[in-house]
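Each structure below is given as structure tokens.
Presented sequentially are two complexes of subunit A, the first with subunit B as partner and the second with subunit C.
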Partner chain A sequence: MNDTAFVSTGQVGRSLPRVEARAKVTGTAEYIHNFRLPGMLIGKICRSTVPHGRIRHIDTSAAAAIPGVYAIVTGEDIRKIIPDPYYGPAFHDQPILALDKVRFVGEPVAVALAADPHIAENAARAITVEYDELPAVYDEVEAVTATAYVHDVLKPAGTFADLKHLVGRRQTNVALDFHLRRGDVEAEFAAADHVFAHEFRTQQVMHTPLEPFVSVAEAANGAVTIHTASQNPSFVRVEIARLLGLKENRVRVRTAFLGGGFGGKLYIKLEALVTALTLIAQRPVKVSLTMEEQFFTITRHPCTFRIKSAVTKDGRVTARKCEVYYNGGAYADIGPRVAQKSGFAAAGPYDIANVHIDSFETYTNRPPAGALRGFGTPQLVWAYESHTDLIARALSLDPVEFRRRNLLRDGRPQATGTVMRDAPLAAVLERAAAAIGWGQPFDRGSGPVKRGRGIAIGFKASISPTASVAIVNLSGDGSCTLYCGTVDMGQGSTTAMAQIAADCLGIEAETVRVIAADTDVTPYDMGTLGSRSTYHMGLAIQRAAADAKAKLAALAAELGVPEGTNLPIAELFRRKYGAQAGNIIGTGSFMPSHKSPDPQTGQTDDATPYWMSAATGCEVEVDTETGRFRILRLVNVADCGTAINPRIVETQLTGATVMQLGFTVYEGMEFTDGQLRNPSFAEYKIPGIRDMPARLEGEIVTSRQGGGPFGAKGVGESGTYAVSPAIANAIHDAVGVRISALPITAEKVYRALREAAGNPLPED
Partner chain B sequence: MTAPSRTIAFTLNGRPVTAEVAPHHTLIEVLRDGFGLYGARESCGQGLCGCCTVLLDGRGVSSCLYLAVFADGAELVTVEHLAAGGELDPVQEAFIEAGAFQCGFCTPGFVLMTKQLLDEHPDPSDDQIRHYLSGNLCRCGTYPQIVEAVKLAARKRGSV
Partner chain C sequence: MTPFELVEPASLGEALALLDPDDPAVRPIGGGTALMLMMKAGFFEPRRLVSLRGLGPGITGINEGADGALDIGAMVRLGQLERSPVIRRAAPVIAETLVTHSNVRVRNVATIGGNLAHGDPHMDLPPVLIALGAEVVAASPSGERRIAVENLVESYLETALGGDELITSLHIPSQRNRRAAYIKVTARSADDWPALGVAVSLAVENRAIRAPRIAIGAATETAMRLPKAEAALTGGASWRDTGREAAAEAPVIGDHHGSAAYKRVLVGVTVERALRRALAGVEIAG
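And now, the complex of A and B:
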């Protein structure tokens, strides 16, 4: 089928308010946070107090003796009902509750169950655990050569071909090593006019969805139902079925609206735990995390990136070598995919003939890291766009002109060998430059307060290959119900999917009812992640709608209705059934083509169905006497193909900008000997309304994604790519100092200023 | 818990009500468990995010920290009251029209604080908007649209 053959009937491109808008402003929208069942028990978690240790003894007696406590459950209790209670999308490495060993401070060790949450909490605090501490490793670079091993033996899940060589491997903390080789970088470095090498680092941060992680499970008659704030219920179903040895149809996973997800609510979080608890307690069980506990659940990878480039005297980058170390924490989660899928784009959106990339996912004794709005990409862009800026400045080239000269153009191969298509990188860069007034004179400040401007651009491939399936159901009165496993966590998918279905069917988007993900009724979808839903689910919906329309046409023919009569659907049903009755069910599925990269060279001519790009312009004011800086203007420009709902796209773009602003200048998980010092909003500051730059803008570059539904593609992550380096580049432009490790703080800027002045501050 | 409970009486969304509460019970627990009101939500648990905001005698309080016993005799309004007659409050209409939310989890708190702001300052300055809403966090980062919604709500209220 030719997916671009659909002619829009005007529903796509409308900025209608979200279809659930009324429910959200009246407080009646459903979240699992509010879900409860009769007879439900509350589980509160006792967590590890040491970063790495063998469990010597767990004393539950005092906790169990508290009146009102239903049960205390440990890992060993779970092992009795689930013999191999380890889960994970890439490695089966994470126990439902710690077994034998703990691997980070905050790891769940035991659970107290009670009907009253206060009693459960007191009981969880009364559990005492003794450990034999083991040497620990925290740094992603040290982890590669350390002799402290987080896992005794590696256990790849078998789902990914490029992890098979790690089966049974011992004495390593490397959970994935991705390699890309194109041309000969060493020869180029030897012959180059200029060689530049830098190292950049990013810190550990957390999604902090305001609806904290929550799952509820109930079990009866050999079947389990899990109500969970999850971004990928289909995965949860498959994984829980595997753990319990059940068929998929005995496991039901349903979601509601998510109070934020950002990649955190993917794969298994609390689902396996509540399932085990309900099977043990024979009562429904709910576990809701506190904000503090979220920091011990999943995070964004800290990253160290060593980057080296060969550059000609006229400003052409001819070779680039990238060594990327991702700190995956104690459990792999989806980290190996982050290291691979982001790794292959580590050299940036530039046309470079010789590229050498080594990307490592490492285990350490920190809270696990997984996907967070960009899947490793913001860490990469931070490094390659800071590096790019430093090169331009060193060669006295205009930073925008230097990028322009090296940018990948459509039709040229990216480092994997996959040819770039429908990636308007140049338009995105030019638009961001124009929006910030690049090249025009501006007030550079006076006295101790200086101003500067910075720009940065990033890109990302889609996660491939992944499948989506959709069902369009037309009822006897002609109304349309859409069954779609895409989870609405705030990105507006319910509205966008209704618009796509409505456009195909020639009806008003507001009249379409979208059924939230529930594996009992909604068909398979790989997950709401990686900005994949608009493209993949959008195409599945287009196909389902086309199928429904074909069946309608067949019904009309069967009833002898002449072609082109345009009889209302309800009338067709009435003629067929003699009443308001019946259904027409259209189904559609989509999975893009894909070719796995060669394991030695990372080369493939089909790495991704589409590329996403974004550029950020920033203007900043720096007080040279204190290092304090103020962001005056932040403009984020992204390409999303056709905007299904331009209003929602713009909101997503500015929203992602705000989130990445937090990761750039405020947020950072701070550790001492593996102990997290700031797991709360009192000490881990996320952006509030007072932290908004004076001017914050989001802009879409109009383009068309070939193969996409109505020419659309994803945009949920794009706003995060280039924010951090744009800010660092602007600070450099203002006061001539470079911050190479996130977050950028006034203290770091002040220290750099003192150092540049030859008068460094003493270290703490 | 064997803590002694006591009966409190207060006005909830315009109706007189009573509740049995223990000394450690917070207002949000009573609203949720005793009255089935879920518009106020506990998120940070420290009174820093504003998701649990309710209006107590017209002023926003963090119901996750506010002990229920102190609500004795008070007049309490939750987000559920704003459209009780089926008509949306102008603040709610403005939030929809300005597209001022994404996941919607924080929205009831923002809506109630905006109501308090506009009750006290019908034509607020940018600084007043930022001041009143500085205790509400939106992780989706919808702040520019929220500011727009507050201004739109002020215009709507001014014209009726």
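And now, the complex of A and C:
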């Protein structure tokens, strides 16, 4: 079937207000955070105080003696009921509770269970653990050569064929190394007019959803039900079934609305823990983390990126070498996929004949890192767009013109060899430049205050291959219920999916009821991640709707109703069943084609079903006496194909921009010897309303994604790509200094100014 | 958090009797915004909290004397101060300071008594009140005394108050004929605790600066005056040189917000700018 054969009936492209808006503002929307079961126990976690150590002894006696404590559970208790209690999407490396060793400060070691959360909390504090400390490693570059090993042996999950070569590897902290080779960079460097090399770093930050991680489990009659704030219930079901040795149909995983996810609530977080606890306690168990415990759950990878380019005197980049080190923390989570699937785009959206990429996922003794709105891409764009700007300035080329000359055009192969299609990079760049007034004179400031402008562009490949399945159910009265596992965590997917289904069926989007992910009811979906749902689930819904329509047509034919009739659906059912009765169930599934990259060269002609791109323009004002700066304007221009709901697209763009703004100028987890020094929101600040740039804008360019539902593709992450380098480039434009490590603080800018003036500020 | 006793006495005498100087787990509570953070983090586990909110109008009112002096009850909320027409007229710098203080939720709950008794260095109001020459009125079973705000906090989270002593009100002398300004510098988001706060207050007579008070907070262990900078200014030093004097004099310490070296730079620049702001539109001789 040809997916683009659908002609819109007008539901797609409407800025329909979110269908759940009323429920949310009146407090009736369901969140697992508020979910309770009769007889439920609360679990509070006792966490490791050392970054790396062998557990010598856990003393639970004082905690267990506290009145009201139901039980104290350790990793060894869990091992008795789950013989191999290790989980993870790429590696089975993470124990449900620490076993034998701890690998980061904050790792869960034991749980206190009580009906009263205050008693559980006190009991968790009363557990004492003795450790034999081990040498630790924290830095992603040092991890590659360090002799302190976070894991004794690598344990890739069997599900990924391309990780098989890592099985059983010892004495390494490299969880995955991805290599891409195209042309001959060394020969080009030797012959080049100019060679530029830089190193850029990003810090560890976290998702900070306003609803922290929360899961509830109950077990009865050989089956488990998990109520959880999860972005991928299907994965949770498969993984819990594997851990317990159950069939999938004995595990039910359901969600409600999520109070934010951003990639944090993917894979297993608390689900295995609450499952083990309910099996031990034989009562329902809930674990809901505090805002602060999120620091010890999942984060964004810190990254060191060494980048080197050969450039001709007329400004053509002819070779680029990228060495990317992602700091994955103590457990791999989805990190190996970040290193690989983002790594292959590390050279940027440029047409470069010779490319050499080494991308490493490393284990360290820090909190684990996984997916965070961009899946490793913002770290890459930070480096290659800072580098690109430095080259342009060194060659006295206009930064936009330099990018224009090197940009990948449709029909040209990207570094993997996959040919770019429907990636309007040039339109995105030009629109961002025009929006910020690039090339036009502007007020450059006066006295100690200087102004500057910066631009940056980034792109990302959709992670592939992943599958989605959808069910469209037409009831006896003709009303439509959509069963789709896409999780609405605030991004507006319920509304967008209703619009897609409604458009295909020719009904009003408001009338479609969307059932939240519940594996007993909704079919398989790989997960709400990587800006994949609009495209993948959107296509599955289109196919399900087409299936339902075909069945309706068959029913009409069976009843002798002429083709193309305007008879209401309810009337067809009435004629068939003699009453308001019956159903028509349409099903559809989608999985794109894909070809794995060659393990030696990273080459494949089918790396991804689609590319997403965004450019940011920034105007900044810098106070040279203090280094303090103010962002006057931030414009993000993205390509998302057809906007299913233009208003939601715009808020996704500005929301992502603000999130990345926090990661660029405020946020950072600060460590000393593996201890987090700022584990509270008093010392880890996210942007507030008064931090908004004076002008904050989100725009899309006109485009159409071939193969996408109504020509659409994803947009949830695009606003994050290019924000950080656009800000650094604008600061450079204003005051001539370059910040190469995030976050960009006033003190760093001030120190750089003093350094440039030949009068460096003393360390203290 | 463990359960604890929350008492709401109806009189000051009762409140003082409920405090226990020998038990650090018994404390007064104003708005509870600082206490709750410490309780959540497990730094403080109260046995009893003595709420002052039942103590009547004396502790919740704002009064202006005939001479323009202000008496502010300890239970006055920061948001009340921010919006008070009396404060906006008699000591506008306080209202201006509160606009960038924490957020509206905290301001509507936090009290001036709790603010001053907290003793955290990263606060906005202490340097402002020091610059204004304010005093707290403290009551204990042995009577009432006045403590200058600059002498109230002795070191990190340690105040001059006894374990059975309460702040009942704040006294601010008349600010007629004086001008003041406060500049808050944050190192991270705008609603952050200050990395540095600089407050200045002074009079101008015959185009000359008289009786300046320059106070800083957040960058030092406690909020404090900078007497050498004040003397330099009185002696005719330029704003820039006064700032330099302040930077040299202040015992600045490094923390999450920035290194000591950087904060010394901020002190110099911010003192200069605070003077410029306080004296905007005023002609000074020399």
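Methods note: the second predicted complex is superposed on the first by the 763 of 764 C-alpha atoms of A that agree within 3 Å, B and C clash if a C-alpha of one lies under 4 Å from a C-alpha of the other, contacts with A are read in each partner's own complex, and residues count from 1 in each chain.
As a convention for this text, a residue touches a chain if its C-beta (ideal position, glycine included) is under 8 Å from a C-beta of that chain, and two chains touch if they have at least 3 such contacts.
Source: prediction; values computed, not measured.
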Residue contacts with subunit A in the superposition, subunit B compared against subunit C: B
A:Thr312 in the overlay: touching subunit B, subunit C, both, or neither? Say first, second, both or neither. neither
Is A:Ala682 touching anything from subunit B or subunit C once the two structures are fitted on A? First, second, both or neither. both
By the touch definition at the top of the document, which applies to A:His118: first (subunit B), second (subunit C), both, or neither? both
Given the touch rule stated above, what does A:Ala656 touch, subunit B (first), subunit C (second), both, or neither? first
Regarding the shared-chain residue A:Ala746, is it in contact with subunit B (first), subunit C (second), both, or neither? second
Which holds for A:Pro762: it touches subunit B only (first), subunit C only (second), both, or neither? second
In the overlay, answer first, second, both or neither for which of subunit B and subunit C A:Thr208 touches. first
Contact-wise, after the overlay, does A:Arg690 reach subunit B, subunit C, both or neither (first, second, both, neither)? both
Report, in rising order, the residues of subunit A that make contact with subunit B in one complex and with subunit C in the other. 118, 290, 680, 682, 686-688, 690
For the complex, give me every residue of subunit B touching subunit A. 1-2, 24, 32, 38-41, 43-46, 48-49, 51, 78-80, 82-83, 88, 92, 95-97, 99, 101-108, 111, 129-130, 133-134, 136-147
Could you pull out which subunit A residues touch subunit B in their complex? 15, 17-18, 20-29, 31, 33-34, 67-68, 116, 118-119, 207-212, 257-262, 290-292, 489-492, 647-648, 651-652, 654-659, 661, 680-682, 686-690, 692, 696
Given the complex with subunit A, which residues does subunit C contribute to the contact? 1-3, 37, 40-42, 100, 103, 185, 187-193, 254, 256, 258-262, 265-266, 269
Would you pull the subunit A residues touching subunit C in the complex into a rising list? 118, 121-122, 125, 290, 625-626, 628, 662, 666, 670, 677-678, 680, 682-683, 685-688, 690-691, 745-747, 750-751, 761-764
